[in-house]
């Protein structure tokens, strides 16, 4: 019998998509969906295109906590208490919030609030499979990465590991689904349509997460990171401007990336700058690397679907690893030429 | 000294645009803006592109009622009481709501609610200048038409006057600004983007307004009217499918429309089906007429900007007429070849 | 060994999508792609998101004709000669063009040109599985329906079969991919963005196809059909305004549709007007039916993805039937509650 | 009698818009429009919303060269020979191409081709009024700036003049109209919709223009400049990441910009990051400046309408200056609080 899984907080964009992916996943049994709003509505009433005929239920831990795994799609800060209770019951958890991404509760407190479950931080694994695949396999609690960190870290990891990043500026562009389902002036069609603008300037909450992971890869830099809203639904592009520390220049740049990602089923290299259309509704991150000889910089682009690889399909990828399933089960195409990794 | 005018309810899309048009209008002095939300914010903070450096104030009739004219942009039902008070002070009013469009308070009650100022209905003039220009000149209270009725009536008036409409179906498409500024699931970018769907089926509130005016033109028909939401900001297209009552066919169809609109500064005829881009940010209605010989029907398309000719610029056109100014003052281009009508 | 299949004309939108669906289809072996333009380019260079690592080759019938099945995605008129040659070799063909949809070559000649392979018309089956499932199973040549006829016929079939359609007007809205891949003034982003307009007025080429099939269902009517271009990528909505012939009114309308489509895996009924987002990237047609008691009409909406159910995934659905495979093989989700039909 | 002006190359986006602005301009007489394509079509047939009832004529210098002023909207390289002939006739010219923007013909040759009229370069004035207003007044030949340089230079000029720019990276986002009217795979709706991607990497042609003008302002830096295409029609945002050379930090940053632009009628400062909607269809550049204390950088955003301030309305602004007219004649709103500058 396949492991059972419930989604907590399934009314939002990422929770709902996770529910869809799990509902069609041959390797899991989707058990229940809970939500903090829209209780009693069916998910396929709110999101007909997901075609998940489940009712959104009010949280009842006794009933809903009796599963093998949980995906928690609660807002930052609200997730930690629920995760804590699920862990007490022995449920393996993938948490989509930021609550367990930062190793240092003081840093978390600075960008969010006092941490509600600091005792769980040490045991949490940062759920970027391309970085922590082995740790994820055995993990009980996964902190699923933010969408911007996912794209940025995949873009920069080979350079960070090579120890050549002196400085980096990341200019990110995200579709409006990244702002969440809650209606607001910002997400109103008439505000976002025919528009593009920066937000979260100068200090977006994803910065400490990016810097923490770059540091762990060998690049202890301060990152300038500026996200922009662009008039599209799903998709995210990061444009990374890297000043190299070495004098060697660009020798071996292509080989560096080719080696890093040769066996990665969901990281694709491209000669041309990727577009977010290229990865829409996939778990794939598409990357291109360009030396700028005039300025001595390297420019790296990475495109993902913010709801997929940036959240829901990466959560399922993590679940696949945790439960020893094929890494690409239930999350669609892998890039070509990759040996399918089956545990 | 130019007549003074205030806009009541200037935080919404149509009120704010009216404020912009009047602010730059050489023939009026914009005095004040009131709003029921966002009080204390400046209009150019909410809508930078309108560039109206006025604060949104809480309504104070003693202060704000001391003007020559008022544009009321309140929701249906909420407008009538305010209009009533403004009229008591002798202020000439253009009301953007539906409150004074229907001649019969019983019909109003059926589609909206009990009418709050039935005594004012008889004196109100339906503010479609192409139909009631002379009455508008002397009017004290204008019921500014709905966006859908504006386009539909301009599309059908020549046929209605000719007495040849037996039956008509109107399939309308509107940009999202037509749904108003209030954020909701419907107006969320992620709902409207890459989507198109009907709403208000089978009976939209604009139907009695359309039928009343068609009847007055000589076409006592029941109209099937279905609006659709399309993923664009401003713009509205009505596609009218007319069954003719006479057997004469299509002789003289072009001449009928050419005669009807030859001297109209804001009605443009086109050989090709008009697009809403053609009239964006103008007071112009662009129309094309097509006989369908296979089925014996006539197809008429009319495109307007729902916020301009469908609301704000038509309100200013009415104000221009009421105060004896040039009809196109402050509302931009007229079609070519029209003698500018100056009183 | 699974049957082999090649796609002829794979550079266009529908051919390329068919190639993608077949490339991932467990029941077919995609053998080759030919194209009349872009020869030598790889399909995943033109369409990265399809991830089909095949080169577009120049047509060489000796090489490419040695397959069990062919999908032909040539322009109208150009398809017939190629289909003819493929049939001579015994290849089973699904033709995406209009060349074999019309039973009467004289009608074809009137709307297109002199037919190039009239001898094949009689043997062709119109590939709408919800109408001709049994005939498709044994067919050697399938005329894959047009996108507009697919949506329109699924919307109207229950009423047509019931013999109650007296008259019908179809107002259709299509995304820009329906205009094909060839760049033109019409498909330029700046033309289509923030726009909506009718085209092909008053007589679009899909009309005879719609009328032929309505007639065969028992509704010999002349259809007014007007397509509109809306600013979105993929998706198509038809709004059908039906005048009923009987006096019985609307009794049993819901039951009529529920019965008609209870067992159809790809036809979904909805209480609310469907949006094209609801069916994006699926083979599903989503329908809602609304009596308009004021006018005595019935309004039916049907939404499809024009590239999927309107072309490519319907072609694969037909191939599945032709080769005795599961009808939904390789084409994604079916609606809920349907028993999966496996041969 | 107002000065006469013709537009050469009026079929493209920027030429056509220039024609519209001049056609409605009270201070000029629009004499004729020429075009290299679409000859014989009327401009209001191609662009109904511009409402310019002029025919596009084949170039006939004897006829069309008899004007006081010319706007040339030819492609780079094709403009210089025509400009040369117009200057021989004494016509004052605003050239929208890049042909006279670069002071050094060797640099021009490196990025474009051998220069066709090098003798005219010295006499040309770079038409950025906020930088060269006085020289423009007396100029006979204006090199109208590129859209990206316009926004970038207005964003950076105060810092450049202050001598504090050590390094700068510019990440630019442009609507699709920036790619021109010519239909192509890049400008196809289905390519650009729901997409965002970089192009012209690593070296876009606007770089030497930006560097030349920054140098002349006191900032001899090498610029990393990367443009991106975003799915909207008109609008351009540049995000500038500036490393400061001084150690003083951010003291006086706001005052620096406030002083620089206090009297500029078309440069607006904002506390929040500007959106391109804020400046749509205006000649206004909207700028915000943000210190990033974590990294010691300054981030500057500037939004313009690429077709207006980035091309056509800036050309008219230049014509206004050249002919001693009010600088804002015919080009719409100025920002608030600015004394209108009338010569």
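Chains: A, B, C and D, in written order; residue numbering restarts at 1 for each.
Please note the rule applied: a contact is a pair of C-beta atoms (placed from the backbone, for glycine too) under 8 Å apart; a residue touches a chain by one contact, two chains touch by 3 or more.
Keep in mind that this is a model prediction, so the values were computed, not measured.
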Relative to chain C, chain with the most remote C-alpha centre: D
Equivalent interface to A-D, taken from B-C, B-D or A-B so that over half of the residue contact pairs match: B-C
Where chain C and chain D are represented by their mean Cα positions, the distance between them in whole Å: 46
Rounded Å distance, chain A centre to chain C centre (Cα mean): 37
Length of the line joining the C-alpha centres of chain B and chain C, rounded to whole Å: 39
Junction residues of chain C - those touching two or more other chains: 191, 193-194, 231-233, 274-275, 277, 280
Chain C - residues contacting chain A, complex: 24, 44, 48-49, 51, 53, 194, 270, 274-275, 277-282, 286, 333, 335-337
Touch list for chain D against partner chain A, complex: 169, 171, 173, 175, 191, 193-199, 201-203, 207, 222-224, 226, 228, 230-235, 237, 239, 241, 273-277, 280, 290-295, 297, 299, 301, 303
Parts of chain A lying in touch with chain B, wherever the complex brings them together: 13, 176-177, 181, 183-185, 187-194, 231-233
